[in-house]
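Following this line, the structures themselves.
Okay, so chain A shows up in both of these, paired with chain B first and chain C after.
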Partner chain A sequence: MSAPQTYTRPIAGWWRRNPFYRAYIVREMTCIAVIAYALELLVGLARLVQGREAFEAWLASLARPWPIFLNCVALLLIAYHAWTWFEVMPKTLPFINLGGRRVPDRTIVASGAIAAVIASLVVLFAFLYL
Partner chain B sequence: MKRSNKPIFWSLFGAGGMLSALIGPMLVFLTVVAVPLGLVSKQTMDYSRALAFAQSATGKLVLLVVISLFLFHGMHRLYHTLHDFGVHIGPGAKALCHGLALLGTLVAAYLLFKLGWA
Partner chain C sequence: MAEPQTRNIRIESLRYAPGADATPRMQAWDVPFTDDMSVLQGLQYIKDHLDGSLTFRWSCRMAVCGSCGMQINGVPKLACETFLRDYMPAIRVEPLANFPIMRDLVIDQSDFLAKLESVRPYLIPQAPRTLAEGPYRQTPAQMDEYYQYSQCINCGLCYAACPQYGMNMKFTGPAALALLHRYNSDSRDAGKAQRMEVVNAEDGVWGCTLVGYCSEVCPKGVDPARAVNQNKIESTKDYFRHLLMPRGSGSR
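Presenting the complex of A and B:
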């Protein structure tokens, strides 16, 4: 006996119907940029193990137009990920109380953004001068 | 009762999401945009400096944590996004997604081990 035929509402293209859903899908798709960057680092590490010549060839391959374009797209996506990550932090964190009052949402978002700016400046300093 | 493994993968997703939100844009900008374009000195990421970094304890830790957590974050999100697109692929695909992140971590650890210590 075959299974009963039940109606399933089609979901193809559901996210194109509403700007909120579109933003959600772009946010979720930033994961591709995060994965791609991790793999890029992994390849660089493998080239480093292979020696000077291989590593320098890898650096040269990054300086071609297409990789630069794709990495700029990845940069935009990861920056969007960062912004959305802090934007939803009031919802992903448990309530925080300070002095008997709940810390307001915008303070949490602002703290996250400020932490990111400070952490990025530390990375920039270490990369350039340490 | 069988305990759920969800908290483990959600923690890795969360840790990777937080790390990539804090320093991801700056790392991408410096290593794969600014250096290839020559916006910063090529010496910041030339062979000898990259090697010295990857042979130091701090450098090994940074590279391993960044590669591993970025992968766990991205693969976990990718798995859930496939579901949003109507691809219901079940526990096998979930294991594959997390397995690939684990594989990437192990490869990174092996490469860092092979590079040795300065």
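Presenting the complex of A and C:
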């Protein structure tokens, strides 16, 4: 028997077809903010190696309106990126049972997110007051 | 008792006849329906009264057989448990995305079925038991570990939802990997080492980028994305086990 003639639809533009796919693409694209901020810190590290003067010039270059604005945007995008990781965290875990009951997915998501907020606050506190 | 109220809805369906059509086309009908009618019943009305050539798969009419999966307004759904009343004034049906179309709403599922077979979807016990030794026993907690993954009805909605499968048909895909996980997490099974070959392969779990839409569209709550992504951890563990103990761990 010969294989039946079939028609395969093109896949191009698949991510535009559905809100779920668009959210996925947004989630993936926010990694650009993570990369950009990592590069910014890397430049800072290089300036630090070059000496005090270079490092302070780098700090001053960031303390202008545009860099502050861009860093705020990056912070929002990175926060969203982090949240999407917690959202998919249950998918990566085996079932967790506590007291004979399965821990619901939303509890896992919430505990991850709360832990991240607490850790961020501790870092912020240490940075500001220690 | 009052007669159920009848309204009209416009049902637009993709049509494709191999040999006659070079590319698919759309055709629409005005279909009378009552509030209790599913999309499947709407299609059956078309076939019985308006156009007998419209081709689609169906069997049980109650979300058990997994035959009537199709794109309904672009979303993979079972036509039998989707109601026309929710789509007034018009609804568009197409064959499940990512699969080759055979005719109208019927897709070619041969690749999907081959993938289900490829994961050794049966219990591979450590040591075979004789009838006299009785059944393999299992606690409710042990059953809980795999129960949801065993609810798959092979409807293919998750493959239609998976862009990675759409872009690379070699990807083993959500349902087959969930089925693999169903057997791997069964306390009576000892076939994990054999199945790791599928998990670790280039087109195994690493073909997944966790879009997660497969779990969203699953009509039976199987959560294939969870099965796939847990096996990324298993695959990583397996990799390091072989790196540290090249001989003797026996799972490749």
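One rule holds in what follows: the second predicted complex is superposed on the first by the 117 of 130 C-alpha atoms of A that agree within 3 Å, B and C clash if a C-alpha of one lies under 4 Å from a C-alpha of the other, contacts with A are read in each partner's own complex, and residues count from 1 in each chain.
FYI, a residue touches a chain if its C-beta (ideal position, glycine included) is under 8 Å from a C-beta of that chain, and two chains touch if they have at least 3 such contacts.
If you're wondering where the values come from, they're calculated on a predicted model, not measured in any experiment.
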Between chain B and chain C, pick out the one touching the greater number of residues of chain A. B
First (chain B), second (chain C), both or neither touched by A:106: neither
Taking the superposition as given, does A:5 touch the first partner, chain B, the second, chain C, both, or neither? second
Should A:82 be classified as contacting the first partner (chain B), the second (chain C), both, or neither? first
Give one of first, second, both or neither to describe whether A:17 is in contact with chain B, with chain C, with both, or with none. second
Touching chain B in one complex and chain C in the other: list those residues of chain A. 11, 15, 28, 92
Within the complex, which stretch of chain A touches chain B? 11-12, 15, 25, 28-29, 31-35, 37-42, 44-46, 48-49, 52, 55-56, 59, 62-63, 67-68, 71-72, 74-75, 78-79, 81-82, 85-86, 92, 112, 115-116, 119-120, 123-124, 127-128
Chain A partner contacts - residues on chain B that touch it in the complex: 14, 16-18, 20-33, 35-37, 40, 44-47, 50-51, 54, 63, 66-67, 70-71, 73-75, 77-78, 80-81, 84, 86, 104, 107-108, 111-112, 114-115
Listed in rising order, chain C residues that touch chain A in their complex are 16, 18-19, 21, 23-24, 74-75, 97-98, 100-102, 108, 141, 144-145, 163, 166-167, 209-213, 215-216, 223, 225-226, 229-230, 232-233
Which of the residues in chain A end up touching chain C in this complex? 4-9, 11, 14-15, 17-18, 20-21, 24, 28, 88, 90-95, 97, 102
